[in-house]
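Two complexes are shown next, each including subunit A; its partner changes from subunit B in the first to subunit C in the second.
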Partner chain A sequence: MEGHAADNRKSAVHQGAEVAQFSVVGTRIRQPDGPAKATGEAKFAGDISLPGMLIGKILRSPYPHAVIKSIDTSKAEALPGVMAVLTPDNVAEWKTFDRGMKDMPLVAGGYRVPSEEAVVNKVARHYGDAIAAVAAVDEHTAEEAIELLEVEYELLPFVLDAEEAMQPDAPQVSDLAPDNVGKHLFYPYPEGDVDKALAEADLVVSGVFSTHKQDHCTQETAACVAYLDASGRLNVWSQCQLAHLGRRELASIFKMPVNRIKLMTPFVGGSFGQRGAVCAEPIAVALALRSKRPVRLVFSREDNFLGLESRTGFKKIDIKMGFTSDGTLTAIKTQMIGTLGGYMGCGPMSSVIGMTLAMGHYRCPNRFGEAHMVMTNTPVSGAMRGFGNDAMMFCIEQLMDDAARRLGIDPIDIRLKNAKEPGEIASMGLELESTYMEDCLQLGAEAFGWHEKRTQAKKDEGPIKRGYGMATMSHCTGAAPLYLEHSNAMVKFNEDGSADLTVHPAPVGQHIWGALSQICAEELGIRAEDVHIVTGDTDVTLFEYGSDASRSTYAIGGATLRAARQAKEQMLARAAEMLEVPADRLEVKDRVVVVKGRPDKTVTVAEVCYDAIYAFGGRATNFAGKQSFESTWNSPTYGAYFAEVEVNTETGRVHVPRFVTAIDCGKAINPMAVEGQLEGGLQQGLGYALTENFIVNPKTGVVETDNYDSYKVPGALDMPDSTVLIVDKPDPKGPFGAKGVGEPGMVGIPPCIANAVYDAIGVRLRDLPMTPERVLEALTEKTEGETETVRGE
Partner chain B sequence: MFRLLRPFEYLEPSCVAEAVEMLVRYGEKARIFAGGTDLVISMKKRQIVPDYLIAIGHLSELDFIEAEPNGTLRLGPLATHARLAASPLVWQRFPMLATACNEVGTPQVRNMGTIGGNVCKAGPSQDTPPVLVSLEAKLHLVGPSGKRTVPMDQFCTGPFCTVLAQDELVVEIEIPPLPPRSAGCYKWITKITATDETLAGAGVVVVLKEDGSFEDVRIGLGSVAPMAIRARRAESLLRGTWPEAAQIAEAAQIASEEAEPRSRAAYRRRMVQVLVNEGVTEMQRQIAASMQEAGR
Partner chain C sequence: MKTVATFTVNGLPHEIAVEPHQLLIEVLREHLGLTGTKHSCGVGNCGACTVLVDGTPELACLTLAMEVRDKSVLTIEGLAKEGLLHPLQQAFVDYGAIQCGYCTPGMILTGKALLDDNPDPTEHEVREALAGNICRCTGYVKIVEAVLAAAEVMRKGGN
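Up next, the complex of A and B:
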């Protein structure tokens, strides 16, 4: 009940001795976008204002399943100031769009997610489905117009629960899935004979788990501004994390060539995977096209909860793991039932990605997994930080703990025993480039005091039971080879030696501009502040897959490094002419080109660049590099997590006073940004584990948690005393050795807390969130269970 | 769902009498606006759509924290949670009230929100009513026909309903002094996060006789019934006795049966039991300890 008022953060970077000396990479630079954000100058989509701009609003279905028989728009249209009304019938030509945007060319193996979703829908497939929209001169008029729409609904039977939806007589959610199984998917890297291995195992641990539909709770809600200019080009300010794919998606819905669309990425207030699809864009664009005016559509918090994808919840994850008596993992068998909601977005892949990452985390010769991803009349499931790895690791790391306990092995040792080595095949089916999980475990255990805490006798604290738990995880860096991993960058030198880097990541708060400018500056031999980032406009940027799957620093950074190298080579060739030495004798550092071994022989980068641009006699040139990057490897990031919990056995409340995260994310380009990701991930992970819960009324299908008064995100006072440790050893493939760090921050949190709860009260919590009621229930069952055993004896 | 505020007129009366006049003139269309932390939310949710807001925040005659020599505490309805929690007059006399005020929402809400608004909102989950009920506070109301006084436990008539007439205002909250050998506390648990709404709250006042028996005990429960209530059956089980742990636990169990929670009912009842047990046990110990101290 009491929080920590003081700043309770600690961190440390542990560099390996062999690390190369960098001058820009690895420094804690101030972020280029910091001042704009601190002063309020930064423009987010909702800040954009254009002459004659209208405001959009959406009407959402109050029923979980209904046909929109008719919408009488006459009263709304008669209201002065209303400039456009969209109904399912009048936007029928803009038919369906692929919510997840993860279709054929993006996903290896021809995995395809069809959708029957329209800009606004004729059949409402979940509570809050968009069924009409208006644009009006101001927000009050738009809101009034929405209230004046008269809708005739034909209510249809609905089903909310994934397992019920699989019953033969269940109402059908979608024409695409007669049996409601939207996708029946398999673990893509099966191996061995899992049933045989389980039968032969010395120990089999198993459990049936469930996870819930966490909302991303982006600080900024979905928003979009769109207008068709006089030349007939569509201008869109879009938050889409995958800008070029967003543009492609809009081109396909509105049947335009892609270069008739200029998609601009403003600052984005958080994403966590939710803006991996087009969100406010289709309706905003449709309203702009219909009204022939600029339109701004900003989602309310309720719009965000109801109308966007949130984390895919799993109704059931049934896992069995086999071990030999010395703790060697021999088999993993997984059966999952996931809840997709009313449409197929990114939800189905949550199972495949989750199984892939989690079942490939440890060395294990026999693996099989299967998922039924089921459609229900609930808001749509998609990708959120972790993308299913969170759910699978919640199970696997608890079972790992069970195995350790039953075999009498320390939880750290059993993990080390089964940890993969470089050169083995990593989770994504590619060779493992680097892993420092052992370092993570060592550093984390030491900072946490693991061995002392686990062995010392526990004090009597009355109803409070104290426990210590740990977990590990690995997470992909980018999604090769399952998804397309294509990035591009351009680097040009200016006449004063500064450089412009053209790239298109999504600036969702992860400080990607800073990391990219550091990579660029390090390679060019200049300072981070010398690099200006040109970005956020598809007219200017080359194709960019975008910012997801913890890939931006790695993949966009990879393209940046190559492009910078190309520009640098051009610059050094000219410097070689100026200094009259071969180019391979030159190196460049801190804005100066030096002849190796001759510190007196130098020329500044600025002098070389000036000489190239203001040149006569056919020697003029502008040094510029343009490079593509498509990774065909994947370097997982490893993490170890340690939690101390206090479980109140009277109230069932779980309090986390202390948490230690140790991460192997390769070389930390900016340790401060890495710490930010891990602390934010801890908070989001705590919410997923303990406080957040997306509740759908089982009788009505109404979403009861559609704002922060009912959906509870942990705040500063709920945060533990947190220590973040960075192993900081480079990966051979990442730019300057970097790996991804966006998602890892939260993947390991729930199992770590669950393991600590077990240590405290001897009860396994297999369902997320671990609510006080569930804790008390589990305690009651345990006591009853114990009485039975006593009686039996 | 939160929506835009509908247009309204913002009135600033120069005194309480004028505020009452405005209430009489605009009737159902008007609302008193104190800190606004609650009212604005109700307006955004369209639960209330007033045409007139009668702001009282600037009326200094309603803004005071005063103690009388006999120990009575008089609070102006405009006293904010932040000031009440920080006021020596409050935490020396009625620390349980300071605790409750300090528990309300976040610093922003405590800086703006008033005790008058907290009481008049009369929502089931407000934090000061269970304390005020157990302290047997009285509310002074002013209307067109003058003043009247209502005991706190008769003020609420149901969730969000009070005996306050449309044209009346709360002008003072009076808390009578506690007898010697007494102590009180507020115990609560939030729904889930640290700054969350209260899931269950218990204001507990214990008065011991010189022989250590319970002369009086008052238990106010919040967030577990349509309004703050007294757990009178639990109280009477303890009154006049020398309760030991088992008896206090039994009283706590009875208190939980007196609660009438709606959502998360089983869990709330269980929490009532935990809070009452903890509160009564701690107060009994605390008074006994200070009696021992005084005896030395």
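Up next, the complex of A and C:
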């Protein structure tokens, strides 16, 4: 197919019969930014060079908790080429902030996080906390200047473990968090009487689980370029996923009107939630303001591990689930203790989002959940793909498996029994618009060979024990009604019938420009390659909440669809005049406006647009649409996951040779991009489940995993044979039926693997990651279900 | 103490004064403006900075510039000829093998070294060749497909 990219051999799209016929939506277009990235032409923040530009470097605390008594900067400042030095004492002119940008309105209900962090900090709250920075003419000079800074520390007692931090005599991380509890939060949609329901249940399954801090490991590290131009405007190249909110945060810190800041989004080398916070920006901007020169600040890999938010780990997730004997879920009760690190940032809400999505996944009349989100002297926790749903689904889906086994029900059947139907209340407290979880289960089970594999006798493979597991999940599409959900788009037609779409998603690799061009082109009746994306500059784009919560295609696509419709209506009104028929008799397809039922009566989109722009006598106009979009509904995406594992009972290693993902993300705007999200999510989910582990030395607070030699992310040889299946049935509210697909790729993977491990060795692994040590330990103990009760036995 | 040395990069000779400790990645990015070579881990664990030196993949973040004087360095910018993408570049675009694009230059150049040496690799051989290149976006599926597809195009004599 001309203009379309290559088909994928293993994966498949299963269209429902009711799917409307589209011209552009649903096709496997090539991405508009592909050639720039394939040739090295694409500019990332660290690739930007400006005349007179300086290089920034950060000094980080070697202690987990310390007061910076003094910093002698004289030797560093005397070094030729050093143009600015920031210390805790000389950054007081700027405001403190919350790196998660939650010190200003973002979350519904007035939720806020205190502004506790300075550009560089007087009290280091974790190993690697930024305490000073320099800007110099080149990298070597900047590095040398950092080494010349003489710091006097006053060491403070520190606490690294969330449960220890809650003890009354524990060292205090923040004055604003009594007993170190940064936030005490509750599941926002409680229902029924959960204790009564558990007491009356035929079966209660329960477990105490833990999840860990996972680093995003974006291949590009955090980077920012900033300069104050001669007119006094601050120009910032920022990776922030939420560009307009990033601009607002910088305006607050540096006390400037927002329109004196021009925030530009270059290509971003991965994000996965990490750039939903301000990262390199505050220090880069401060160095630029202080030196009065352009400054480029690029984090080292170590800076990334130590200085950025990574996935919020949960020290303890205690869950109880009640069932009737026929497998009906009657109650879920959750208690969480999360580890926030030295600042609150995005971390606390991962508990609320996790509980909301996972506890609302199945129909369940009695629900209660509570979380203590605890500050510790460790690097900061935040949002990573899944945002707490990964942790909660790890628990819920293992307990679901436990219940199925105890009740003698097939794991698929118990999930179907409790699956919600459209019209019921979905996880986010809004009506469920669409769910095709049953399709996911059917397609996935068939492709995987679930029923055959589960029933056939296992052959003796010596120390290798083979197992098969499955899990489901649902995830939000945008975060309405809990977070701000405001997107905007502008569409204008040019005189040749091409169109420019102005939007501001974060181009972090999710193929969003292509998806938005498809939505725009489908509505305008032109081709995807006719749509140019204007983006990445807050001077030009309307307010955009940004790219997170699997929302870009849905919400920015929703705004795009509305703006395109508005521009199309203007164009069709003009075409109606030209063809002398009412506008409602017209339709537009593949660049041509046609009178319905009169295929001979046509005018091209180009002719109509030309007629409008090069017009005289008071008829001139430029067709353009501008629309806001605020989602007041939320259509969860559903997925089913199937894994085959080999557990080596001698080494404890878990190998995953085969994985099948089946997804209901509504109508797939570009199936190739959907596959890419799920295939990539599998790499992150596999690493989260098995090998990736952010290790803090329990005695010293030093982070021991600060690069890829100590922190193992899966490589090409570690990946399973992967099949992705797309249900491809439209959602009633999403643009052309689409739902979100960014996060679902990884959410269901850890419980799926854990369930397969159980099938292989009969041991429940309740702690992530499932390292060889833990597998061997569990095999030795081989005790499971320690807290369960089965009534009537 | 700087030394003026000749470096052949993407077919063109450059005379550059370099310090003995300067890394190849710095010379490529800061002196020649060839920012397609990406910095990521800085210790040779991720492959983002891969360039070809006399046809062999080398990690520019671990290679001293002086080690490659008088040798031929190929960076991602030197791969497309007269505006026409190399079959590997085209396949990466066509197969959706590029997401954020940060690992892409290193992946493509590693793939080129493989295919120059082994024009008809198996899937496993492709995975082995790419084992030192980390991608955080794609799960490697479409990257492996793209390399295999490019191999076929190249075997048939395409570009």
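The rule is short, and it goes like this: the second predicted complex is superposed on the first by the 771 of 793 C-alpha atoms of A that agree within 3 Å, B and C clash if a C-alpha of one lies under 4 Å from a C-alpha of the other, contacts with A are read in each partner's own complex, and residues count from 1 in each chain.
Here is the rule we go by: a residue touches a chain if its C-beta (ideal position, glycine included) is under 8 Å from a C-beta of that chain, and two chains touch if they have at least 3 such contacts.
Please read these numbers as outputs of a predicted model, since none were measured by experiment.
Within the superposed three-chain arrangement, the count of touched residues of subunit A is higher for C, of the candidates subunit B and subunit C. In the superposition on chain A, A:773 contacts subunit B only, with no contact to subunit C. In the superposed model, A:715 lies in contact with both subunit B and subunit C. Residue contacts after overlaying the shared chain place A:706 against subunit B, while subunit C stays out of touching range.
Applying the stated contact rule after C-alpha superposition, one finds that A:748 touches neither subunit B nor subunit C. Applying the stated contact rule after C-alpha superposition, one finds that A:650 touches subunit B and leaves subunit C untouched.
By the touch criterion defined above, A:313 reaches neither subunit B nor subunit C. In the superposition on chain A, A:49 contacts subunit C only, with no contact to subunit B. Residues 139, 300-301, 707, 709, 713, 715, 717 of subunit A lie in contact with subunit B in one complex and with subunit C in the other. Remark: subunit A residues 5-6, 8-10, 28, 30-31, 33-44, 46-47, 49, 138-139, 216-221, 267-272, 298, 300-301, 508-511, 672-673, 675-676, 679-684, 707-709, 713, 715-717, 719, 722 touch subunit C in the complex. Listing the residues of subunit C that touch subunit A in their complex gives 26, 29-30, 33-43, 45-46, 48, 75-77, 79-80, 85, 89-96, 98-105, 108, 126-128, 130-145, 149. Subunit B makes touch with subunit A in their complex at residues 1-4, 188-197, 264, 266-267, 270-271, 274. In the complex of the two chains, the subunit A residues touching subunit B come out as 1, 3, 139-140, 143, 300-302, 650-653, 690-691, 706-707, 709, 712-715, 717-718, 771-773, 776.
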